[in-house]
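This report concerns only the one structure given below.
Each chain carries a letter (A, B, C and D) given by its place in the written order, and its residues are counted from 1.
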Amino acid sequence: MHVTMKSALAAIEAARKEAVKLKTQMCIAVVDSGANLKAFVRMDDAWVGSIDIAIKKAKTAVYFGMPTGEIGKLSQPGGSLFGIEHSNDGLITFPGGLPIVDEEGVLVGAIGVSGSSVENDHKVAAAGLKVVGICDLPQHPWRT
Amino acid sequence: MHVTMKSALAAIEAARKEAVKLKTQMCIAVVDSGANLKAFVRMDDAWVGSIDIAIKKAKTAVYFGMPTGEIGKLSQPGGSLFGIEHSNDGLITFPGGLPIVDEEGVLVGAIGVSGSSVENDHKVAAAGLKVVGICDLPQHPWRT
Amino acid sequence: MHVTMKSALAAIEAARKEAVKLKTQMCIAVVDSGANLKAFVRMDDAWVGSIDIAIKKAKTAVYFGMPTGEIGKLSQPGGSLFGIEHSNDGLITFPGGLPIVDEEGVLVGAIGVSGSSVENDHKVAAAGLKVVGICDLPQHPWRT
Amino acid sequence: MHVTMKSALAAIEAARKEAVKLKTQMCIAVVDSGANLKAFVRMDDAWVGSIDIAIKKAKTAVYFGMPTGEIGKLSQPGGSLFGIEHSNDGLITFPGGLPIVDEEGVLVGAIGVSGSSVENDHKVAAAGLKVVGICDLPQHPWRT
């Protein structure tokens, strides 16, 4: 199951509004459950370098079915997943990427945001997620 | 000068409507004059393989300030640009990518479309372009 | 919807038997509808270079929902899709890749085979496909 | 000398059974002594991001003839191999990859597993290895 275009655009629009409220300029990406890009918007004056980070955050969140920041906790020096960022053509493991889980507990995609502090990135991603789903997957086994 | 977010989304929406009219499912990308992604939408059931092609068509159109199909005429075996597709991490040189030139003759970005025949791809790109500019650059020197 | 592990392994086993019958050594790959690898086998003495080709054939077939050889007809010099192989990190557009479509007409994945002549590659892919689905998608709109 | 297809599939099947026993969903890869993919299976609902990690763990284990976790001890900040993950198109240096050494002490391939905690990944890899060899190479010089 995949996030629909309509949902992806609704998530991006809600995220964009939050970004405006926070007086930030963001790149906002939505990928489907196969980690393939579904929709993307770069606000005017957002960092060019955030394009790839927003997309990679969304991909990372769907790759492992969890918020990107959770992976980052485990990938620090000495952590159990140190260096995981070298996989999958590059992961981004700090906050700003959230899985999109539908009402039946199915992972249907993810949203990734980049352009400000990670706190703001996370807030904007959460605002986008809120209108289309939640980010908590049920305990394994969950379905894709 | 760059295409604004507002213009990019307007172009995508106009293109999407044309795609619906043609009963096709398209990926539609807009890049700015630096060939960096500005906005993107994948319609439901559009080919997954078209994501990259739509983006590459938009990039290709802005890289050289001309419709992708024009480059493709020159990149055939024996042609003066044979093999140019190997540059810039991969070009797409068949129709479906159009520069976006504003009313002052400035290249501000490009639109790229993929998902059906190249004729349909071109039509959809043209419909998107129409609401935000033209694709004909003035003779060199032109500004970016 | 995605091809299951069980179906992917069944397809590979049927393909492998056909390869033995043809006295060939093949690489056989199955990807899901997101073009992500599901299962893979390299027969003993199969070409090392066929690993990537088999996987790329499977990806190519799912990217565009059609047999790889069909794309190859359109990507010849002068053809409407000339150079499409430069997209998606490299396509393989000669025969040997087939979409897997389930009984409800949904594209659930693809099988890709490499290791002998393209005729043999195609036969082996077809033998694998046969036990898990068909390769003909209904007319658009089809679902992924 | 290379791991045979039969051995690779036997290792994967044994690993898969261990994964089921642990109530996990794993990606399991086997590469030969040239670090080229021999066989691969992704269990249903395994993380999409684990495909590449399982393969990279197997490659990493064969690249250096040791368990991936051993390399990870040396690649921490300040360690003698800090940053080695940047080589070979990306290494994964936390546990879950084990060399496959045959009864004559020859490195014939490696198994890589990803999809759960590194402890579980390691257990599943070890279960796969057990049916086809050991992971301890004799002191240098050893043969490939």
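FYI, contacts are C-beta pairs under 8 Å (C-beta built on N, C-alpha and C of every residue); 3 or more make two chains touch, one makes a residue touch a chain.
Just so you know, these numbers come straight off a predicted model, no measurement behind them.
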Proportion of interface numbers common to chain A and chain D (over half same, under half different): different
Computed distance of Cα centres, chain D from chain C, in Å: 26
Junction residues of chain D - those touching two or more other chains: 44, 48
Chain contact topology (line, ring, star, complete or other): other
All touching chain pairs, where touch follows the definition stated at the start: A-B, A-C, A-D, B-C, C-D
Complex contact set, residues of chain D against chain A: 23-25, 44-45, 47-50, 52-53, 56, 72, 75-77, 85-86, 90-94, 117-118
Touching residues on chain A, where the partner in the complex is chain B: 4-5, 8-9, 34, 36-44, 48, 51
Chain C residues within the chain A interface of the complex: 1-2, 32-36, 144
Residues of chain A defined as touching chain D within the complex: 33-35, 60, 62-65, 77-78, 80-84, 86-89, 91, 140-144
